[in-house]
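Chains here go by letter, A, B, C and D, matching the order in which they are written, and residues are numbered from 1 within each.
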Amino acid sequence: MEAFSDGVLAIIITIMVLEMKAPHGADFADLRPVLPAFLSYVLSFIYIGIYWNNHHHMLQTTRHVNGTILWANLHLLFWLSLVPFVTAWSGENHFAPAPMALYGVVLLAAAIAYTILQTLIKKEHGDHSLLAEAVGKDLKGKISMLLYAVAIPSAFITPWIPGAIYVLVALFWLVPDKRIENKIKTAED
Amino acid sequence: MEAFSDGVLAIIITIMVLEMKAPHGADFADLRPVLPAFLSYVLSFIYIGIYWNNHHHMLQTTRHVNGTILWANLHLLFWLSLVPFVTAWSGENHFAPAPMALYGVVLLAAAIAYTILQTLIKKEHGDHSLLAEAVGKDLKGKISMLLYAVAIPSAFITPWIPGAIYVLVALFWLVPDKRIENKIKTAED
Amino acid sequence: MEAFSDGVLAIIITIMVLEMKAPHGADFADLRPVLPAFLSYVLSFIYIGIYWNNHHHMLQTTRHVNGTILWANLHLLFWLSLVPFVTAWSGENHFAPAPMALYGVVLLAAAIAYTILQTLIKKEHGDHSLLAEAVGKDLKGKISMLLYAVAIPSAFITPWIPGAIYVLVALFWLVPDKRIENKIKTAED
Amino acid sequence: MEAFSDGVLAIIITIMVLEMKAPHGADFADLRPVLPAFLSYVLSFIYIGIYWNNHHHMLQTTRHVNGTILWANLHLLFWLSLVPFVTAWSGENHFAPAPMALYGVVLLAAAIAYTILQTLIKKEHGDHSLLAEAVGKDLKGKISMLLYAVAIPSAFITPWIPGAIYVLVALFWLVPDKRIENKIKTAED
């Protein structure tokens, strides 16, 4: 399951760069229209990176997998596979309200899908499993989902609000999930 | 063999999303022309997911592989690699009869290729192998092929018939193949 | 090395399908212009499949790898990565002489690169290694290269000659390399 | 971490070939406009190959990985993922000054990212680790970064200077990093 997920995430992260078409002119000024696409690429790269990082840590604590978990994983990959589309749409339209809102919808759906996957893995491994103890009540995950839910409608006030929220949540997660890392280290000792 | 197949399936599932071009307008209404492409993407994502899931379970019971099995596997990947093409053709043409029929042809060919691969692996491992006992007469596989065969010509009556059949067969397989899962669990005990 | 090569081959085999653009019309007749692209896709799929198959068998006999072997492997992947380009060029131009000749150049270069890689691996493992004994004088490889060398100039007489040669050589290799398979089996007993 | 990185590098190396669009004409002369794209593809293929090769050797000496290392690795992959973009921009504009300078910026940033990753892995494993002893003061890495820093502004004198520098540095690294290879061999004895 990890090899397949790694493959899909590796492809998602890389094909987004294909949306940044090389401009026809040969001056630095010709790069200016590519800038929004570049910025949304950077943000999406970081989000996919965060998911890969957390997914990787979560699977390290996973001993057995069943068919339901495989589908919950595919469900997560489905939402993440839409990231290149919403990245391209926001980038091309210079972060207009509707694309920014849809970006949030995809992030929210991916976060929900991740929570479902995490819950199923926790259930399969019991309440005292490494993952269950490391993640706890998953406050970080819940706050992120709440923030996405705020970001989506606020895009129609001004797209700067969801923009700021998406950057903030990304920074917030950029710190690797030490919770699982520490639990694994303790378990090994 | 599994790493290569996983790679190909991961790429197939992800490049399909490239066919969903980000619209030029920045309103939600501009997404409407993308809707058929999105729907056919969802269906194809589920089909590739089903194949990955079943393929993964089948290879778990596989101990040895020969050259013929490697080619039977490539034969399956060949038909699955045509899924993005028929997905794009159906999506762009709002599920017109010919694209819907061709979608069925590819699904039928992939199902036949899967059956060939399964038969070869069963033969290599003997009648009392895990896979042979788990799959049995493979009624589920046979009914699916029959349904595809019905769907193809019926597209020329109305494309709603194959549409309904493809969704139905997908739902029918969405349930992971517990047969193999249970057999593996029993064998381990 | 195998994981990376498998990844590259999986991507090559799959991105070729992107060159087959879904036609705008929704009738079977609209597929006719796609036919040459489809035929060249089938041929290239088989060639990449053959390389994957043989590469896989060769690496099974490989115990240690050095920097030179890593680069010889990348050299092979470089030529194979050009297959999608020559496939698209031949397909779009309905198998005109120059594209057919260039297709042969790429196949010849890939065959030479494979021979170099094979020679280096044999050298690293000694004359009595599994691979050395299985491959022997590699008559099959040498005949293929000779046939490609004939095919290239003959494209300018008529593109049917290289066309026939490429199909012939593919069929000739489609049979998995039992030499290595048998040697491995014997070695295991 | 290696599987994911291998996946990303395999995709980067392969999607660059998609930028080389098959020309519409069917004569060898029609390939001439593709030549700059081909040359920049060859150079970028070699650079990604070098990174893969060195990355592979470095990870062979790596025993444990933490969250910071995972992000340093993603940071490296981010810069390498921009290689297809700058390759396309230089190729399309026949190696004009600005694209050649930007190519150098991406190479410099990737080299810095590699140095950061290497430093973090060395720190995690201690001063007497295999990697620390093999790489030493990493003179080769430092000279490369210096040369990129010279190449970037010199593009505005004539793009031939950065062109020559990028080819030179590539040749300079094409020789696999025997330092690590030898250290591993010695450690095994």
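As a working rule, a contact is a pair of C-beta atoms (placed from the backbone, for glycine too) under 8 Å apart; a residue touches a chain by one contact, two chains touch by 3 or more.
For clarity, every value in this text was computed on a predicted model and none was experimentally measured.
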Subject >> Most widely separated chain from chain A, with each centre as the mean of CA atoms >> reply: C
**OP:** Call it same or different for chain A and chain B: same when shared residue numbers make up over half of all numbers used at their interface.
**Re:** different
**OP:** Determine how many degrees of rotation, between 0 and 180 and to the nearest 5, align the Cα atoms of chain B with the equivalent atoms in chain C.
**Re:** 90
Original post:
Any idea how many Å lie between the Cα centroids of chain C and chain D?
Top reply: 27
Subject >> Distance from chain C to chain A - Cα centre to Cα centre, in angstrom >> reply: 38
Original post:
Mind pulling the chain D residues that touch 2 or more other chains?
Top reply: 3, 7, 10-11, 15, 18
Subject >> chain D partner contacts - residues on chain C that touch it in the complex >> reply: 1, 3-4, 7-8, 10-12, 15, 18-19, 66-68, 70-71, 74, 77-78, 81-82, 84-85, 88-89, 92-93, 96-99, 102
Original post:
Can you name the residues of chain C that touch chain B in the complex?
Top reply: 2-3, 6-7, 9-11, 13-15, 17-18, 20, 22-28, 30-31, 42, 45, 49, 52-53, 56, 174-178, 181
